[in-house]
Structure formats: C-alpha cells, structure tokens
Amino acid sequence: MSVIAYGAARASLKSSGALLNRNWVAMRRAWILIISGAVESLLFLFAFGFGVGALVGDITLPDGTTISYTAYVAPAILANAAMMGVLAETSINVFAKFKWMKVYDGILATPLRPWDVALGEVWWALIRGGTYIAAFVVVMGAFGLLDSWWSLLAVPACVFIALAFAGIGLTLATLFRDWPDFDWMNAVVFAMFLFGGTFTPVEAYPAFAQPIVYIMPLYHGIELVRGLSLGQLGPMMFVHIAYLMALCLAGMWIAQKRLAKALYK
Amino acid sequence: MTTVDRSAPTPAQAARRAFNLQLALYKHVWHGTVFTSGLLPILYMVSIGIGVGAYIDSSAVGGLTYAEFIAPGLVCSVAVMMLGNDMVFPVFGGYADWGGHYLAQRATPLSPVDMLNGHLLYAVVFRPFTNCAIVALVLAFFGVYPNGWWAVFAVIAAALVAAALAPWLHFWASSLKNDANLNMIFRFAVIPISLFSGVFFPASEMPVFLQPLVWASPLWHGTELARAATADVAPALPPAAHIAYLAALAVTGWFAARWRIQKRLNF
Amino acid sequence: MPHDDEILVRAADLRKSYGEHEAVRGVDFEIRRGEAFGFLGANGAGKSTTMRMIGCVSQPTGGELEVFGRDPHTQGAEIRARLGVVPQDNTLDGMLTVFENLVVYAGYFGIKKKVAKVKAAELLEFVQLSSRAKDQVSELSGGMQRRLAIARSLINEPELVILDEPTTGLDPQARHLVWERLFQLKHRGVSILLTTHYMDEAEQLCDRLVVMDEGRIIASGSPRELIDTHVTKEVVELRFGPAHTTELAELALTLNGIGAQIEALPDKILVYTDDADDTNAALEARKIHPTSVLARRATLEDVFLRLTGRALVEDEA
C-alpha cells in the first residue's frame, strides 16, 4: 500500500539502494563488459611491469632501498585500475543516464532525492571498482608481487581512491556538456597516470614539476597503495587518506547540488 | 536545364566524394585529436622514454638510448590510436538510424564500396600523412633519430600499419549491433596492439607462447620497419617480408570490409 | 491551516518564473479526490510547468501550493510517494526491459521485490503489454511506451495520477487505447490530473478543467459548462476553395448578420449559431456559395478560439 511507500521515503540508505538495484538490473546482462574492463589495467601491468620492468631490472628508491621495478610499478597500476573503473562508471555512464537517457528525470518523480541518486551511483561505482581491484590483486599475488600480509591492506587503500574518483566523476558528469569534454578528461587522466609517480619516483622530477604532482589525486592514491604493498608505512598516509576523502565528499556534494539544479527546474 | 550532373560517378570520383565528407567532419573534431596525435606521444616520450629510460641500460635495447628505441614505435602507434578514433565509433554510427552518414550516402549515387574507400582514404592516407608526420616532427626535437632524415620513412611505415589494420577494424565495427561492445575493440585490439608490439620493449621479452601474437600484430611489423629507418637497426625479417605481410592484411581486410558493408547496406 | 482531506491539490496565486520569463502568472485551482481534472492550453501556456510544480520537481517562485495538504518544498519526497507521474517524454529506462522498468521503479518507492513483481504483472495486464514483458523499451511503439509509462505511474497505488499530454504524438488508434485505459482508471475511482492540447481529449476525460493561456487561467468549469457559457450550440464551417487568408477576411465581412458571430481562420470561416438550418438558409438568401459547408456541434476548440482568438493546435492535421 502507499503507506508502505510513504514510510520508505525517509530511509535514504534504502533509497540509494533502490538506485543500486537499478544499475544492477540494467548491467547484469552486460557483465562481460564490466569484467573485461579489468583486463585493461592488467595489460598495462604486463607491458610496463613485466615488459619494461625486465629492461630496468632493479630500481633504487630515494630512501636507498632497492626493489624490482615490477614490484615498484604494480601497486601504481593497481591504483590506476581503481581510478579507471570508478571514473568510467561515474563520469561517462552517469552523464549518459543524466543527459541522454534521462533516467534521473523519471527517478526524481519518485520519493528519491538527488542525494539518494549520488549515493546510489557511488555504491555502484565502488562495486565496479572493487571487482577491478580484486582481479588485479589476485594477479599480483599469482606473480609474487605481494610480499607481506601488509600488502593486502592495499585493497582497502584502493577503496579510498575509488571514493575520491567517484566524487570527482560525479561532479564531472554534471559539469560536462557533450562527449568531446570526455576526451579532455581522458587526456588529464592519462597525464596523471604517466606523471603521478607511476613509473619513476617523484623525487626524480624537476623541482618545478613536483608541486603539480602533489595536487594530483592519483599521486596520493599511488603513494598510499605503494607504501602499503611494499610494507613502508608512515604518517603521511593519513594525509593521503584525508585528501582522497575530502575529494570524495566535495565531489558528491557538488554533484547532488548540480543534479538538483538541473532536474528540479 | 539542370545544373546537376546526372551521370554516375567513376569509382575514384565517388570515393573522393565520400572522403570529402570525412574531411568535413574532421574540421569539427580536429581539436579533439590534438591530444592523441600531438600531446600523447610527447607525454609518453617524457614519462617513459626519458623518465623510465634513465633507469634502462642501453645494452638492453640494442645499444640505443631508450628514447631512441621507442620513438619509431610511437610514430606508428599513433596511427593505431587514431584508427581507434576513426574506424570504430564513426563506422558504427554510420549505420545508425539517428543520422548515420552511410545511410545518408546510400540515397546518393555512392555505392557501399565507395563509402568504404572514401573512409579508408581518410584513415589510411590523410590521417597518417598529416598526424603521424606531425608526431615524427615533434619527436625530432628530442633528438631521437640517429639516422637523420631517414626518419621520414617511419611515417610511411605508420601509413602501412594503418592500411593493414583499418579495414579489419571497419569490418569489426560494421559487424556490431550494440554500441556497448565497441569498448571490446579497444580492450581486445587497440590497447593490446599498442602495448605488445615491440614499441616499449623488444618482443623477445615476451613469454615464448605469446610471441606468435606479436608476429601477427601489424604494429610490430611497422615498428620493425620504422626502427630500421630511424635508427638503422636490422629488422626481424627482410623489409620486403614485413611490407608483404602488411599488404596482405590490407588486401584481405579490404575484401572482408567490402563484403560486410555491402551486406549491411543492402536492404 | 485545517486540511480538507477531499482536496488533493490547492493552488493560490501560484507563480513560476525563469529569470525574466514568467511561465505561470498566478493561478488558482483546487483538485478534489475522485475527479478527473484537466489543464487545457496551447504549447507554452504554462501547463507542464504547473504539473512539474505539483509533482514536486519544480519549486514555485510565488503564491501557495499544497499537495495532499503538504508543502512541496519541504515534504517533496512524502508527496511524491503518493503521486503517480506520466511525464510527456515517458522517461522510461532504456537499459531495462518492460517488466524490469516496473519492478525497478517500484524499488524507488521502497516496495519489496516480491510484491513489486506481482503488481508489475497485474499492471502489464491492465495496459495490455503482458506479451511484451521481456522486450527492451526501445522495441515498443510510441503508444506502447506511453501505456508502459502509465502502468509504471500506478505501481505505488497513487492517490493522484498526473499525466502530461498523455496522447501527444500518438496515432489515432493508440490514442483511443490510452483513453480507454484512463477511463478504466477513472472508473476505479483514481483521481486524475492531465494536461492536453487536444479538445476531444479534454471533453472525453475531464470532469472539470481549466483553460490556460500565457500562464493564466482564462476559464474553468466542466466541458459542457464551458461550451454553454462561451459559445453557441452549433458551428457552421465554410470553406472557399483555395481562397487566401486576406480574401477570407473580406468574405467574412459579407457574412455580417448571419449567426451570432463570425470568425475568419486562415483556411475557413466559422459561423457561430444556435440553428445551423437558419444559417444555411441565410447563406442561400445572400447567394453565397462556399465550396463546402459543414455544420457541427460546438466544441472546446471553439471555446478556446473565442477566448483567445487563436486556434489551439496550429498546423494540426
């Protein structure tokens, strides 16, 4: 009865769950598409971790420790995988649902509110990002790139990256006007991948470039995941987590504001 | 009296007309291609070629600096990445009932083969000889061509790679019914070809059982040819063999794509 | 303010502007439980904007609005939980099948999946789409999509169903099917609110309606009342071959004194009269011979024309 529906209107967690359910039902037929997304990051791991890694051999870090280049690069590509999975889901897919398919127009005629939509999309993005992360960690383990139990903490660390980029992606989805804007997003993302400390220590960069790197969200994600998977813990990790969480919350807040503005007209 | 030419066009005229459409579209999207064809290779060169290259001993890559090693491959892989733009979505969208250009051209004197030829002319000739040439030029500022002006042949190698791959991508994109599957072309063709064709590391680094896949990749053959041109490194096979393989792919691909587009547009 | 449970929607001096543009310029109306209420008006009259405000997806910029005795601004979610909405563009979920559209939508109202599946099957039966349950939405015709949107709007057993132009863009057969279903709903006692620019639709479906023009209500009442108040019983339509608009205006002058009023339209002349036979006789007497003469009962179309001096649906075939 409608009384039941009325009572449910207040439960935000439940409401965002309804959106999660929508995405699940919509995508379960296309699961192969989502799963195969994990392949992309693995290809980069094989090409740069193993292929180029064999050319480099060992690398000496600024603190003097020496490790194999493969072990150095792998956590960074894992961080990248967490970013890519979530960003594809929140930015491009949300944009399509928002501007093209008008899915949210229908949803906002129900008791769901913009916050519920934003939250539901973040849950879903975390699930997708999570599958990528899990697949990647399994492969890392199979190739002996996880050398301590600490390294399993890389998984929760990736969740912080996923959250940050879920917020960023949602905001971009509401800001972008048309598809060419995504070309530019991909350009920035790729630049972060190449220069966010993935392949070489940031300390080796020219001095003027270093502050730019410190702004990149991916850099903080890479440092966090790499520190954990190499068992090098430090207080800076809290800074990385705080920065990523701040991006997540700010992104979600801006996104639901802009969704409300565009749809409650 | 009519000012309209009512005679049927020759195949060359028709292909040029179809090509003109692609050119007109390019004028709208060229700025979006600045990244793939201009910026991306530079970023790769700085980050991987110079950054990672600092940790790589030149003996690992046949006595070249690492930047010299990857430069010719980068020129050719730009051709592959551009095909990812030109031969996937625009082909798929060409058949779409929301303004597909193939469907529109179908109502003109152009035949399906003309549309294919026009599109290929754009992707195989126009794009490599403009965009790959620019990339080759930009990379010259990094001083990565020990062989000097011979580097011009790297651009021709890139066009050969495009010729071998473009019709096959056209064939694939023409066979898809669902736009969600377009991503598969990137995941299982464009990206693996770009990463595992001896551009960033010699194919011999790959596990033995995967090497046949590398030999199949048109980018590997193109990179071997281009590296011979820029750095005077002896290619894996005689140059004529590499060229023959690429030409064979191009010809068979053209027949496959022709069969496909005729089938799609015959209704 | 005491709330009368029988009044579902109450608007007083309701306004909405977008920057400089005033879409709704102060409208007053009440919608009662159990009735079918219509907003009639041309495109851009402010109907859809009013509907969006009632649906709590658009915030009024002036005046008062109460839906179920609640404030749409602060209690939007509660109100939407009790509403069923059929937007003009359906907003069906293109990634889901017909059946999934209903079940997933039910989830937004917190309806349990088990219950939702039973209801979805019932509703598909009601809108005659059971055989298409597994199809993708894009495979449905326009009329089927609209029926699906109607089924979807009923999933939460709403107290009021809002339909924005329910048959715009449908072919005649599909329109009749939609009307027939809406009749059924009415019969079941569901309160209905609809906008339309089709006169026949308003006449058939609405117990009461308001006529909107340029953001204002210019008349209200039952369809019969509106016709009785604003126009004569009958209308005679005269066509004069390929005569141009200016020629028609001149011809209209020669008709002076025939009927109660003459209206020259771009393609024909309307003579409002209480007796069509008298009018025909008068034309004969003046030796005026139109290429065609059609006598008919006055409709809401004529009401609108009389009130605004404009045809409601221009270029309508």
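As written, the chain order gives the labels A, B and C, with residue 1 at the start of each chain.
The rule is short, and it goes like this: a residue touches a chain if its C-beta (ideal position, glycine included) is under 8 Å from a C-beta of that chain, and two chains touch if they have at least 3 such contacts.
Since this is a predicted model, take the numbers as computed values, not measurements.
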Measuring between Cα centroids, which chain is at the maximum distance from subunit A? C
Of A-B and A-C, pair with higher C-beta contact tally: A-C
Per the C-alpha centroid definition, the whole-Å distance linking subunit B and subunit C comes out as 56
Please work out the Cα centroid separation of subunit A and subunit C, and write it as a whole number of Å. 47
Any idea how many Å lie between the Cα centroids of subunit A and subunit B? 30
Among the residues of subunit B, which ones contact at least 2 other chains? none
Residues of subunit B touching subunit A in their complex? 29, 31-32, 35, 39-40, 43-44, 46-48, 51-52, 54-57, 60-61, 66, 180-181, 183-184, 187-188, 191-192, 195-196, 200-201, 205-206
Considering only the defined contacts, which subunit A positions touch subunit C in the complex? 1-2, 4-11, 14-15, 17-19, 21-22, 25-27, 101-103, 105-113, 263-265
Tell me, which parts of subunit C touch subunit A in their complex? 18, 52, 55, 57-59, 76-78, 80-83, 85, 87, 89-96, 100, 103-105, 107-111, 156-159
Taking the complex as given, what residues does subunit A use to touch subunit B? 30, 33, 36-37, 39-40, 43-44, 46-48, 50-52, 54-56, 59, 69, 180, 183-184, 186-187, 190-191, 194-195, 199-200, 204
